[in-house]
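One chain, chain A, links the two complexes that follow: it is found with chain B in the first and with chain C in the second.
After this line comes the complex of A and B, so read on.
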């Protein structure tokens, strides 16, 4: 079967090539792997597959009633007549209006990621992030890695939108999250010099100086081509806006047209990859008549992945999909949901072991993720299902740190009471030297003490393990280090 | 939604709202406009947005001349603060054949006799108006500087607002399923939002006017034809007038916003309102030949709409012999937008039983009386 890929950009990979963080999800898919490497692997696969024609720098313009697709290839309108069409155009960013929102220095989070991670350009020094969904949290973390100063994350809701492990990651860098706040004004004459944020309950205002305001306020399916084709669309806020009506095989209301990924509804990248595979296999089945059993497997995997995503599932129900599907109710995570910092009590439970050296799994939220389980050489980590909380068998745990290195949420640490040390995941430059004194920080990025680096394990995927000496009383609080030279 | 009205107008295009406005202005209470989608959804919102007075028949000349007078003073007329982006930079009509050139002579004579001061130009004179015009094989041109452009959406909105201020109710998303006729008289309309009792209905349904006629058992002598059109990215102003050629079958104008809007007549009729890639290819060839700098423009949009064609390419603004209380403003043949200000006035005259404001023959009976003079100048 011959496949043609049309891509408007001069390179493949879409959003994946900006995702420098490790993905959640199942080990069976790409969990624990950074988005950029997933993209690399997929691109390699495509390039070595002979029956895929790549049209880069090629914008699809329309799909007409007579079955012709037109695309602008090398500035010429070329025509193609495909048997099946899969539309995977992704999404675009929503914005929120505020005073002076047209000042230079107001960016979408996607633009910041593109500048930083594709072109290596830092958009500014001091950044105010608007939105605490996964994108807001992840981009804040990446900005900090690139040595920008993230002045805060503003969230209008009373709880953090993204995964809480991502929130904890940015909190330990000292980045505050202002829940129940929104931006009301950008300051500055010719460019952004600051912002005024406001507490939506008390209306108390706060001025924050910054040269970048980064908007991570949600995504909307990029559905222009679907409208041009006359696909029946439905407004479903849970899926990001107007989405195409489709069946469980992602077939739209227009014959031979499929959708996959964010254009079908905003979801995590892992779901998009599964949907891509599903539509590919299903379209092939319609052409050849040969049914690949993997189609059913993927549908099951998607269900598994969506077990805790009530938003997505409720959206799909409005499309008459997943009708009997029951989403597990969200448990209240108390302060963790508001601050990104787990309560004392939750931590104490993890420390109750009499052992000298063991892992601490600060993973309290049900999300689809399991790389820690298979990383453990002694099978000490158990999970009842992809979305369950991992449980550590303290008797089996030898405190090796493997799980610390693989956890996509950087939520696992090893403490050694006898040695008085903590093993931390570390994804920043510069790396400390063995024996160097570094600043030890707590979960909010506050300085606890200065102490010595005992060992460094440089990992291939760049989540390095740093073992630092820590005084006894700080063992349970030490969650990050800062290299000061 | 109200369930009773003096007049129900079917169609929220420019003619529907113009008729509604003129009825309300004349003191008719309880006028309702029903629009199945949204204002200007049909031909109005899809048209080329040109305003021309250089026609080949008396009726079209008078209607367009009077409409331009209203366009020129639209704010005084409607008393709403909406800029309809009316510009008068002319229409340049090109003659490439002897037959065309002869027709232009006749047209200009007729137009001049009706107060439309159009003139004939040599190819060189045409080039002075559009310096980059390809004048190869051009015999001459007709030009009138008072022709031009208006924004169909804003004009419709302006009329709708003005009508609403005078008490007209405009219901969007309301589709007429059937018309209640009893003993040859209109009694009401059935819609997806219920029944409205009325004794007068105006069929201003444009591309769907044939279907509305069938609801009262009348076979109207109109049919709908898909025409396609495109718009380019906006650029600085380089083209003043609408450039039009009947033999090359093309029109092209730069709007005040800077985009170029262009189209041509189709070879075959289609019931579809979707656009085609064939149009893009042919349009590009035509326009870049005639106006070479357009080859640098990028197309941003293409769309299609219906011309509701009448036998003589002139509108039918009329009552109906078979059904009392049934009126029609149909068959605009691709120039309904530019005639709408005057058509609203004429339809008001007909419904109120007044003498027509202008000396025009637009009634449906003209086809039976064999008084047909076909408009020769339509793309």
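After this line comes the complex of A and C, so read on.
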């Protein structure tokens, strides 16, 4: 079978090539691997597969009733007549209106990521992030890694939208999250010089000075081609807007047309990758009658991945998919949803061990993620399912720190009560030197004390482990370090 | 908020005030507003402003989004040289 891929850009990989963080999901898929490396692997596979024709810099222009697809290849209009068509055009960023929203300095999060992670250009010094979904949280973290000063994350709802481990990651850098707030105005004459945000309950206003306003206010499926060919669409807010009506194999209402990824509904990238595999194999199955076993396996994996995503599943139910599927109810995690900081009591529970040195798993929210389990040399971490909370067997734990390095949420730490030290995951530059005094920060990025670095374990995937000396009373509060030179 | 300073359609420079006035005048679908104002006819083809206008109409009229907004697309999806349409092959 021959495959042709059309890509508007001069390179493959879509949004994946900008994702410098480690992915959640199952170890069987790509969990624990940074998006950029997942993209590299996929691109390598495509490039070495002979029966794939790559059309880069090639925008599809139209798809006509007689089955002809036109595309602009090297500025020339070319025609193609495929047997099956898979549309995986991804998503478009939603914007929100506010005063002076046309000032230079107002960016979409995608643009910020492209500038920063593809071209190595920092969009500004002081950034205000709008939106606390995973994109808002991740891009804030990446901006901080690039040494921008993230002034805050503004969230209109009363709880953080993204994974709470991502929220905790930015909070320990000292970045505040303003829930129940919205941006009302950008300040500045010729460019952004600040912003006014407002509490939607009390209408109290707050001025924040910044030179970048970054909008991470959601995505919607990019469905131009689907609209053009009159694919039946349905408006489903849970999935980001108008999505194509399709069956469980991602086959749309138009003959021979399939979808995969965000164009079918906004979801995490891991799901998009599985959907891509599913729909690709299914299209092939319709021609060859093969691959049915693998197709079923992928469907099961997708289901496993979606076990705790009530939003997506509710959206799918509106398409008469996943009808008997039950989403596991979410436990309320109290203030953690608002602050990104776990409640005292939850943390105390993790500290009850009599052991001197052990891991602390600050992982409280059910999300599909399991790399910690297989990282443990003594099998001390157990999980009842992909979406369950990992449990640590303190008797088995030797405090080696392997899990600290692999946890995509950077939610695991090791404390040593006797040595009075903490092992922290660290993804910033410069790395401290052994013996150097660094600032030790708590979960909100407040300075606890200055103390000495005992050891540095450099990791291939760049989540380095720093063991720092910490005074007794700060052992359970120390979550980040700052190198000051 | 001063809705004269809020740009809804950044491609065609159309403010929230203009959109609200049009809704009050009785243009109550995204398609109608596009025809009278050009909102949605810019390079992004209404991807940025369409959902915002739809929400505004829905909020004011109480009609559900899917009733006031139905994105249409026609080929070509991007810019294309005239010579490609007329089939001319020579660069000159």
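Quick note on the criterion: the second predicted complex is superposed on the first by the 483 of 485 C-alpha atoms of A that agree within 3 Å, B and C clash if a C-alpha of one lies under 4 Å from a C-alpha of the other, contacts with A are read in each partner's own complex, and residues count from 1 in each chain.
The working rule: contacts are C-beta pairs under 8 Å (C-beta built on N, C-alpha and C of every residue); 3 or more make two chains touch, one makes a residue touch a chain.
Only a predicted model underlies this, so the values are computations on that prediction, with no experimental measurement involved.
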Partner contacting more residues of chain A (chain B vs chain C): C
Partner chain(s) touched by A:62 [first = chain B, second = chain C, both, neither]: both
First, second, both or neither for A:241, with chain B first and chain C second: second
First, second, both or neither for A:223, with chain B first and chain C second: second
Which of chain B and chain C A:352 touches, first, second, both or neither: neither
Partner chain in contact with A:100 - chain B first, chain C second, else both or neither: second
Chain B versus chain C as contact partner of A:74, first or second or both or neither: neither
Partner chain(s) touched by A:92 [first = chain B, second = chain C, both, neither]: second
Chain A residues contacted in one complex by chain B, in the other by chain C: 62, 64, 70, 77
Partner chain A, residues of chain C touching it in the complex: 1-2, 5-8, 10, 13, 16, 45, 47-48, 51-52, 64-66, 69, 71-78, 80-81, 84-85
Partner chain A, residues of chain B touching it in the complex: 272, 274-277, 280-281, 302
List of chain A residues in touch with chain C within their complex: 8, 59-64, 70, 72, 75-77, 92, 94-102, 184-185, 220, 222-225, 227-228, 234-235, 241-242
Chain A to chain B touching residues, read off their complex: 62, 64-66, 68, 70, 77, 79, 230
